[in-house]
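Next come two complexes, and both contain chain A; in the first it sits with chain B, in the second with chain C.
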Partner chain A sequence: MNRDIVFATAGFVAVVAALASVPVFAGPYGVTLMIGLLGYVTLASAWSLFSGPTRYVSLATVAFFGLGAYTVAVFGESLSYPLLLVVAGLIGLGLAVVVGLATLRLAGVYFVIFTFGLAELVRQLVTWYEVNMTGTLGRYIFLPVTPEGIYWQLLALAALTFVIAWAIGRSRIGLALKVIGDDEVVASHCGIDIARVKLALFAVSSVIITLVGAIQAPRWTYVEPSIAFNPTISFLTLIMALLGGANRLYGPMLGAVPLFLLFEWLSANFPNHYSIILGLLFIAIVFVLPRGVLAFVEEHWTRLRGNDTRAGKGAAE
Partner chain B sequence: MSELLTVSNLTKRFGGLTAVNDVSFSLAPGEIVGLLGPNGSGKTTVLNMVSGYLAPSGGTIALRRQVVSGLAPNRIALKGVARTFQLVRGLPSLTVAENVIAALAFGKRPLWGSAAATEALACLAQVGLAHKAQQSAKDLTYIDQKRMELARALAAEPELLLLDEWLAGLNPTELLTGIDLIRSLRSRGITILLVEHVMDAIRALCDRCIVMNAGRKIADAPTAEALCDPEVVRAYLGDGHA
Partner chain C sequence: MKTFRRRQVLRTTALAAIMLAAGIANPASAQDRKSVKIGYAISKTGPNAGGAGITTLPNYQLWIKDVNDAGGLELPDGSKLPIEVVEYDDRSSSEEVVRAVERLATQDEVDFMLVPWGTGFNLAVAPLFDRYGYPQLAVSAVTDKAPQFVQRWKKSFWMLGGGHDYAKALAAILAEAGKTGAINNRVAMVSVADGFGIDLVTAARPAFEETGIEVVYDKTYPVGTSDFSPMINEAKASGADTFVAFSYPPDTFALTQQAQVASFNPKVLYLGVGTGFPAYGKNNGENATGIMSLGGIDPNNQANTDYRKRHEAVTGTAPDYWGSVITYASLQMLQEAIKRKGLDREAVSAELASGTFQTVVGETRFEDNQLRTLWWTGQWQNGTFVGVAPGDRAGVSKVVLPRPEWKQN
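Moving on to the complex of A and B:
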């Protein structure tokens, strides 16, 4: 078993190192594409940290993402870059704790609607502030960060998210999350403080999402609320995580990579029908693969093998 | 006498319906007490309030003289109360062993890793389920799910165990095994409050019975006496039989 961990660690380090060398041979388009791809891989993985096991479908992704981007836009001139990321993370943490304390008692569709409303609320608040206080809706971001720099930062964040997800899966808090996802009544009777576990995970997930927004912000040069708080980002994150399977370590990544490439291709080739195709795809995924590709494959695999063993068992009894 | 559980004037109202009305009783350490009554008399509601699942509308519940009513279930669980549910509540996405580890990992004396795995197997062995430890909980039969639920409750090392119709639905052989199992728990010093309809089990296990009807306590006496009480007979069988 220890040997497995050594192999997995070596493989993981090798993959990260290989990805880190991509800017050396890929052109500017390649780097741009990889930035978008890594951004969504990280978003989907961070989303799944909380929403996978608890089955709380959050549409607040873009609230945190946009907040990160806006933090960079607002403080970009006055703070040094590393400090900027720290401040963005702290702001994300603050919002996550406030929102978490207020909403994690909600369940099911109420939570979904609340988080969607939250994203809109944050967008409208920022718009109101910009229009009434600063008098200008858009902001420019001029930071001396190269695309390669952004790429490497996102890669580091993606790797960190992956390690966090792996560590949580093996820890007591990971088990607590699974129990909560299965049956909250049983969870509380086992001695699990449900509110605290959910809040902790929501905070971790939200801070990572905020950082994705903050790191990617300099790519845009110009932001306004409708760009930074575009709800499509929430929906894409959600559907990527669901496609891969939000309960599996590799799930969000397996969903994010093909879907991101597909969306890139669609938006390049069918710019006018993009939204329609996107909507149809959402419906198809939810209907055909409600629990993700990985779960689907696993089920069919065990069913194929299960038929043999079940036949044998029946004969024995 | 130091009482383990003291329930005083416990009341629960759901809107206009008073499900539990001014019920008081107490359990001494090591007792096995049956909580009986016709359907809808408020037995499960009493258990739900003791375990913290429901907050009482009135009255208090105390464990060793410490008031626990109104606390969340996880706080009460840490004070030594464990339970099973009338409709079995397994954790379907986990294995049988993990179902038990869920109680071990967050209990009074948290266990994790190989210590938890070993202890979970020991708990499952007590209920005769050790050989299915690695199976998925959703593949278990109804009886095995009940066993697993009991193992999970025992893993919490409770002082007070609440069993809600745990023996219901067992066949005669399984019933005997189940009765022996519950009796063996008493020798470990666990106090048990059980809601049950299986009279054989009640006669075999319970020193004392508390009988409820329409939310009120109508009898609280040694088992044989309580079952002959005219008011209890009337509650179950009607006026003609009292």
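Moving on to the complex of A and C:
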């Protein structure tokens, strides 16, 4: 078992190192592409940290993402860059704790609706504040951060998210989460402090999402609420995580990478049919891979190896 | 079993990463010149598609057709090369527009890039235009910060003025009319809580104060508001002769309708974006007369009249009365600069900054990389939205106040 961990660690470090060297030989477009890719990998992984095991579908991704971007826009002039990220993280943490305390008792569809509303609420609050307090709606971000710098920061954050997800999966809290996801009543009877576990996970996941927004914001130069709080980000994150399989360590990544590259390919080659193709694709995903790519592959793997009697049922899916 | 699978996944991931990187690093081959590549990313879908589809995209299409019908872009040696278009949809997303422009510059290696629609998007792509050395003729971007942007991005050009320009012109007209006793000096004002509305209203407050105009009603409403009757009633009760709305197109159309329903007849009615849309004049017919807004045209400029006819014939719709003609003029400037200097982007940028150009809006040139000869205020007169300010510009029409009362039909 121990050897496996060493092996996996070495592989992980090698992959991260290989990715870190990408800007050296890839052109500027490659870096741009990788920034978008890593951004979504991190978002999907962070989303799955909380939503995977607990099965609470959150549409609040963009609330935190936009908050991070806005923090950078507001304090960009007055704070040094590393401090800026710390402040962004703290603000994300603050919001996550307040929201978490108030709402993690909600379940099912109520939670989905609430989180969708939260994104809109944050956006309207920011708009209200800017309109009535500062009298400008757009803010400018002029930070001396290069695309390579953004890429490396995102890579570090992605790696960190991955490690956190891995660590949680092996810890007591990970086990507790799985129990909560399966049955909350049983979990509370086992003596698990449901509220606290959920809150902790929600906070970690939200801080990471906030940081993704903060790191990416300097690429836009100009931020206004409709740009920072674009709900598409929430939906894309959700779909990527679900495609890969939100319950597994590699799931979100395996969803985000192909989907992002597909989006890119579609928008480069079929700019006018993008939305139609995308819609058809989503329908296909829901029908063919309702539980994610990894689950699909595993199922078929076992069926190939043994004479699984469920083969007929699988084909019908 | 489990670890085996994990290792496999890791290995596949690493392999995929390497392959991806190799694919990206692949350099583009040299191109032989049979055409001039012009690229742009524009919002064809999403919330920005409305504005882009009226002001920007039809003019790109019209210009490309005009140029290619004439045999192509003329170069300094007199030869002509047809335009080859690379078009992307930014889907109204900042991240997407940045990536699309990066793709245009580094993958498609276009010779020139046209700008996206909107202030935010023009700013988002400005660092990229600058880094890759493309001149940026930003049209649909209203900003007071243009002088600073020019310092930062030397090849950027800002062509639609800033909120202060429009607000000051309006304040001057109101103050002038107030002096003659045509209207009282009270103004009721509403604005949409979004970029355009906030910029304008923030500029208008001090501009009104300076000229001695009293703002008796000042409300901001959220984007997507559809019922304006409470605001109209309060404005009506405020006793102001002037009603100003810094509004977006749907609000502009709704305000016009609801003001008629409420028989609200301010002597001066100034509305925001959308007033200059051809559909606005068509929908409101005679009732549009006297309504003021941003932009306008010189009705006696033959080049502009021809342009409007051609626009309608080619794209199927008439151009709007504000940004459209400037968009087309920006393309003509680019075309002329290429004719004078060739495809060297550095030389073309320098020529744009210093040269004088003959375009559909007349003789055009930049002052400190900004277009300053613009119509700051326009008014519907006899079915045309004509420019009424600045008053000292050639081709100006005289502002007619007060506007006639609504005709009920």
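Just so it is clear, the second predicted complex is superposed on the first by the 292 of 317 C-alpha atoms of A that agree within 3 Å, B and C clash if a C-alpha of one lies under 4 Å from a C-alpha of the other, contacts with A are read in each partner's own complex, and residues count from 1 in each chain.
The definition used in the following text is that contacts are C-beta pairs under 8 Å (C-beta built on N, C-alpha and C of every residue); 3 or more make two chains touch, one makes a residue touch a chain.
Nothing here was measured: the structure is a model prediction, and the numbers come from that model.
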Review point. Which partner does A:Phe12 reach: the first (chain B), the second (chain C), both, or neither?
Key: second
Check your understanding: When the two structures are overlaid on chain A, which partner does A:Ile192 contact: first (chain B), second (chain C), both, or neither?
Key -> first
Exercise for review: In the overlay, answer first, second, both or neither for which of chain B and chain C A:Glu299 touches.
Suggested key: neither
Exercise for review: State whether A:Ala268 touches chain B only (first), chain C only (second), both chains, or neither.
Suggested key: second
Point to revise | chain C versus chain B, contacts on chain A by residue | key: C
Point to revise | Touching partner for A:Glu77 - first (chain B), second (chain C), both, neither | key: neither
Exercise for review: Mind sorting out which residues of chain A both chain B and chain C touch, each in its own complex?
Suggested key: none
Point to revise | Residue ranges of chain A touching chain B (in the complex, touch as defined) | key: 172, 175-176, 178-179, 181-183, 185-194, 247
Review point. Can you list the chain A residues touching chain C in their complex?
Key: 4, 7-8, 11-12, 14-15, 18-19, 22, 25-30, 32-33, 36, 39, 124, 127-128, 130-132, 135-138, 140, 142, 216, 219-224, 226-227, 230, 232, 249-250, 253-254, 257, 261, 264, 267-268, 271-272, 274-275
Study note, to complete from the structure: chain C residues touching chain A in their complex are 3, 6-7, 9-11, 13-14, 16-18, 20-21, 24-25, 27, 44-45, 47, 87-89, 91, 93-96, 98-100, 102-103, 105-107, 119-120, 123-124, 126-127, 145, 152, 193-195, 198-199, 202, 220, 222
Study note, to complete from the structure: Given the complex, residues on chain B that touch chain A span 51-53, 72-74, 77-78, 82-83, 85, 89, 91-94, 98, 101-103, 105-108, 110, 112, 152, 156
